[in-house]
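Starting off with a structure, shown below.
Going by the order they are written in, the chains are A, B, C and D; count residues from 1 in each one.
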Amino acid sequence: MTLINSSTKGVFVIAVTPFTDNGALDHGSIDRMVDFYYDKGADGLTILGMMGEAPKLTQAESIDVTRRTIARSAGKPVIVGVSAPGLAAIGELTKAVMDLGAAGVMVAPPSNLRTDDQIIAYYRNVVETLGTDVPVVLQDFPLVTNVQISTRVLGHIFEAHDSIVMLKHEDWPGLQKITELREAEAKGRRRTSILCGNAGVFLPEEMRRGADGAMTGFAYPEMMVDVVRLSNEGQFETALDHFDAYLPLVRYEQQPGIGLAVRKYVLAKRGAIASAAQRKPGAGLNAAAIAEVETLIRRQEARLATFR
Amino acid sequence: MTLINSSTKGVFVIAVTPFTDNGALDHGSIDRMVDFYYDKGADGLTILGMMGEAPKLTQAESIDVTRRTIARSAGKPVIVGVSAPGLAAIGELTKAVMDLGAAGVMVAPPSNLRTDDQIIAYYRNVVETLGTDVPVVLQDFPLVTNVQISTRVLGHIFEAHDSIVMLKHEDWPGLQKITELREAEAKGRRRTSILCGNAGVFLPEEMRRGADGAMTGFAYPEMMVDVVRLSNEGQFETALDHFDAYLPLVRYEQQPGIGLAVRKYVLAKRGAIASAAQRKPGAGLNAAAIAEVETLIRRQEARLATFR
Amino acid sequence: MTLINSSTKGVFVIAVTPFTDNGALDHGSIDRMVDFYYDKGADGLTILGMMGEAPKLTQAESIDVTRRTIARSAGKPVIVGVSAPGLAAIGELTKAVMDLGAAGVMVAPPSNLRTDDQIIAYYRNVVETLGTDVPVVLQDFPLVTNVQISTRVLGHIFEAHDSIVMLKHEDWPGLQKITELREAEAKGRRRTSILCGNAGVFLPEEMRRGADGAMTGFAYPEMMVDVVRLSNEGQFETALDHFDAYLPLVRYEQQPGIGLAVRKYVLAKRGAIASAAQRKPGAGLNAAAIAEVETLIRRQEARLATFR
Amino acid sequence: MTLINSSTKGVFVIAVTPFTDNGALDHGSIDRMVDFYYDKGADGLTILGMMGEAPKLTQAESIDVTRRTIARSAGKPVIVGVSAPGLAAIGELTKAVMDLGAAGVMVAPPSNLRTDDQIIAYYRNVVETLGTDVPVVLQDFPLVTNVQISTRVLGHIFEAHDSIVMLKHEDWPGLQKITELREAEAKGRRRTSILCGNAGVFLPEEMRRGADGAMTGFAYPEMMVDVVRLSNEGQFETALDHFDAYLPLVRYEQQPGIGLAVRKYVLAKRGAIASAAQRKPGAGLNAAAIAEVETLIRRQEARLATFR
C-alpha cells in the first residue's frame, strides 16, 4: 500500500467515473481509463472528486469504483475524495477506502463554513475523526465551496496536523498563495505537497511558483505530464510552448457545468472510456458544442505536430 | 404501513437523535423519546431532519434509528429526512426506510440551486429517482438551504408530481405563502398538506392562514398540540393565550446553532432522553445559557399554571 | 455637537424614513417621528440604517433627512448609517453628516468579505478613509450582510482602532458574543459600547450579558426603554414581565421583508408618521396581515394595562 | 448624442479609471486612454463598470469621469455603468450621465435577488425609474453578482421592456445562452444586441454563436477588434489564429482580484495611462507577477510578429 506524503510530486489525474449509456457503472471502462491515464504518464489518480460524479454514486458503488481502480493501478497511488456534509460519512468512507489500499483521502470544506476559526475547527474535527495515520489532502476550491481559506489559515492547519500532507490548490487567483506557502516553509514550517487543479489553466506559472505537480483532469493528461516534467527540468519556455498548444481546449474544458461533458466526450473519442454518458442530472454536448470541441482538437493536433 | 398523503394533518414532531455522553446512539432514549412525544399528543414523527444531526450518522446508523423509531411508533406515521448532495444517496436511503415502514420521506433542495428551472428540474429528478409511489415532503427552508422557492414554483412542482404530498413550510416570512397556496387550491389546484416549521414561532397565524399543523421540534410539543387543536376548533384567542405562554422559550430555542443544545437540554430535563449530548461538532450549553433557559422555564410554568 | 463614545448607553431607536403616499420625503413626519421617539424615552436616534430605506434615497435626500433629524433632535445624538459598496461614497457621506452635527456613523461590512483578514483590512480602510476623529459604529449583522465576524476578529478591530467606539450587535445567536467581549475587557482590552439590534427579540438576555442598551426600531420604543431601564436597575424579572408583554408583536415585526411594513403601519397608527408608505420596491400590508397585527396590538394593550 | 440600440455591434472596451500614484483622478490619462482605445479600433467605450473601480469614486467624480470621456470620444458612444444598491442612486446617476450625452447605461442585478420573479420585478422597477427613453444594458454576470438569470427570464425581460436593448453577456458557461436567445429571435422575439464580456476568453465561439461583438477590457483591444472583424467576415479560422496568439495573456488577465492590476500594468506599459495605480483597496503587481506578465507579453509579441 502506497501512501502519499508531504513530499509527493507529479501528476495525479482527477479521474472521471465511467457509466454505460443507461447509467450503470462501466467496469470495463474503469480498467481502460486507468490504463489510459498511466500510459499518458500519470503518477497516480484521484477518484470520487467533484468531477467524478461522486454524489451520484451510492456508498456501495463508491467502494466498488475504489476497489476496481486500486486493483488496476497495480501499486500506483490512488487518492479518494470523501467530502460529505457530515463527519460520520467521511469517517465511514475513509475507513472503507483505506482498507482497500487507498493512498490517502481528499476533503473539501463544507460550504457553510465562514470564519477562520470555523475552518480551523473543521479540519481538526476531520483529523480526529479519521485518525492521524490517514494522509489527508485539503482541497481549497473556493469557486465551488464558497469557503475562502487564507494562506495564514492554511498554515495554521498544516502546523496543527501532520497528517494533512497535501494541498489541492485551486484557489483562483492563487499563484501568490503558492509563493507565500513556500516562503513560510523556507522560514521553518514543515513542508506540504502542493498539487494544482483548476483544469491546469495556470499550471506553468504554478510550477514556477513552487508547486509539486498537478491534480486535475484535463482530457489530455500528457499536457500536465509534459508541463510538470519540463518545469522540473528548468525548461520553463518549452513548458510554456507545450502548454500554449493545449490552452484553447483547456480553456474550453474548464467551463463550469459543461466542462465534464467536454472531458468525457474527449476521453470517449480517445478510447479511454466507452461512453461519454453522465448520470442524471448531467447533460451531454449538443451539436454546436461538439463542433467547437472538434475544431479545438483539430487545431491542437496541428500545433502538437510541430513538436514531433 | 401508514403513508402520509395530501390531507395529512396534525403535529409531526421533529425528533432529536439521542446520544450517550460518549457519542454512541442511545437506543433506550429513542424509545423513551418516542413515547414522550406521543404522550404529549404528537400525531407522528419526523426523524433525521436538520435538527436530528442526520449528517453525523453513518448510513447504517440512519437505518438503525429509523427501524427503532418506527417499531416504537406502533403504527403512527414516521417521516424520514433523506436530503443529501446526490440523488443516488437519496434513492438508496429512501428505499431502505420505506422498506422499514416509513410514512414518507422529506427532501430539501441542495444549496446550489438558483433559478426556478433548476428547482423544478431538481424535484422532477427526485421523483424519477424515488418512483411515484413514495410520498414526498418538500422542505422549503431558505434560511438554511439558501434556496428561495416562490409560490408559483411550488405550484408548478405540486401540479407536476402527485407524490409530493406535503410542504414543510418554513420560509420566513411565509404567512402569505400559505394564503397564496390555499387560494390556488380554491381555484382548482390539487390539495397539498402544509405543516409548519420554524420552531413554531408563527404557528397561530400559520394555522389561521390555512396550515394543516406543525412539523417542528420545540421541546414542549404540547404547545404545538394545543395551538393546532384550538385553532382547528376555531378558538383562535385561546390558541394565542397558550402560544404566548410558551413564546419566550420558543424564541430562545429558535436561535440558530445553539437551538439544538437548548432543545436537548430541555428534553433531558423533562426525562425524554438520558443525555443532552450532541455528536461533534456541536456544543452544549454553558452556565449562562442554562441560567437563561431555567429562568424561561420557571416563568413558563407559572404562566401555564393559570390554565389548569 | 454630541459625539457617541465607548461608554454610550441607552436606547438609540432605528428611525424609519417617512414618505408621503406618492413617495416624496415627508418632512413634517420626520419632525413628528423624532418627537415621538424622544417622548417615548429614546436617548438618541440612528437614521439611514437598513430599515431606513437608505438605498432608496438620493445622496441629496440622505443629507436632507440627516439635517432635519439632527435639527429636531435638539442636541440629542443622531447616528447616521453610511454603509455603501465603496469607500469613496462612505467618506463623502460621512463628511457631510458629521459637518451637519451627527454623533457618529455606522458601517456594516460589504457582503463580499470572507476571511478574517479581509474583514480586519476593511475596517482599517474605513478608519483611514474617515479619519480617526469620527466615531464609528461597527454593525455586525450576518443574517443580512452574510459576513460572519468572530469575537476574536471584533477584538482585533477594537484594539486597532480607538475610533470604533460601538458595536451594533445583531449576530444571531449572539448572547455569548457579548459575554466574551465583556470578559476580554475585564482582562484589559479597552471598553466598547454594545447596543443590541435584531428588533429587540433577545434584549433582556442581552442586557444581562452586559449590553449597554438597544439600537433597534420596534414600533413601541417604550419596550426597549423599559427593559433597558429595569435591567440597569437590576430588576431583571420585571424587565422580563414588560418584555413578554410585547414579545408577540416584536416577533411579528421581526420578520424579514415584511417587518418594515409592519413597523410603519404601527407607527402611522400611533400617529408618529402620516403614512405607512414605503418607496418602491417595498409593499404594504394586506388585509390578512393587518388583521394579525391588530390582534397582536389589542392583546398587547390588554397585557400592558395590568402594569398600570 | 449617439444612443445604443438593439442592433448595436462591435467592440465596446470596458475602460479603466486612471489615477495618479497618490489616488487622484488623472484627467490627462483619461484623454490618452480614450484615444488609445479608439486608435486600436474600439467602436465605443463602457465606463464605470466593475473593472472601472466605480465604487471607489464619489458621485461628483463619477460625473467628472463621464463628462471627460464623452467629450474626448467625439461622438462615439459611451455607455455608463450605474449599478447601485438602490434605485434612487441609479436614477440620479442615469439622469446626470444621459444629460451629459451618454449612449446608454448598464445595470447589473443586486446580489440579493434570488427567484425569477424577483429578477423580473427588479428590471421592471429599473425601467420605471429611468423612463423608457434611456437605453439599458442588462449585465448578466453571475460569477460576481451571484444572480443566475435563465434564458427564459432574459426573454421575459426583453419582451417586457423595449428600452433594454443590449445584453452584456458574461454568464459562464454561456455559449448555449447566446444560441437560445438567437433561436428565440428567429421565432419572432424582438432582437437584442449581445456583446460579450468575461475578458474575451470565449470570444471566437461567442461570435460564431451569434454575438454582436465584445464588451470587455483586455489590455490589447486589438484582439477583440480582430476577432470580431474576422468573425463578421466569416474567417473563423483566422479569427482563432489571432485569438490563440493572445490567449495566454487573456487567461492571466482574467484572474479575479488580480486581473485589474494586470490590465493597468499593461495599459501603463503601452502608454495608454500614466500610472497603474489603483485606489484603495486594490494592490499592484509584485515582482513575481510582473515577471509572469512580461514573459507572456514577450511570447505574445513573437506570435503576433508572424501575422505581419
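To be clear about the criterion, contacts are C-beta pairs under 8 Å (C-beta built on N, C-alpha and C of every residue); 3 or more make two chains touch, one makes a residue touch a chain.
None of these values were measured; they are calculated from a predicted model.
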Chains touching both subunit A and subunit C, listed by label: B, D
Between subunit A and its twin subunit B, rotation from the CA superposition, multiple of 5 degrees: 180
Chain whose average C-alpha position is farthest from subunit A's own: C
Distance from the mean Cα position of subunit D to that of subunit C, given in whole angstrom: 38
Between subunit A and subunit D, centroid-to-centroid distance (C-alpha), Å: 33
Distance between the centres, which are taken as Cα means, of subunit D and subunit B, whole angstrom: 48
Subunit B, residues touching no fewer than two other chains: none
Touching residues on subunit A, where the partner in the complex is subunit D: 172-173, 175-176, 179, 201-202, 205, 208-209, 240, 243-244, 247-248, 251-252, 255-259, 286, 288-289, 292, 295, 299
In the complex, subunit A residues that touch subunit B: 54-61, 84-89, 91-92, 111, 121-122, 125, 128, 279-281
Interfacial residue positions of subunit D with respect to subunit B in the complex: 114-118, 142, 147-150, 152-153
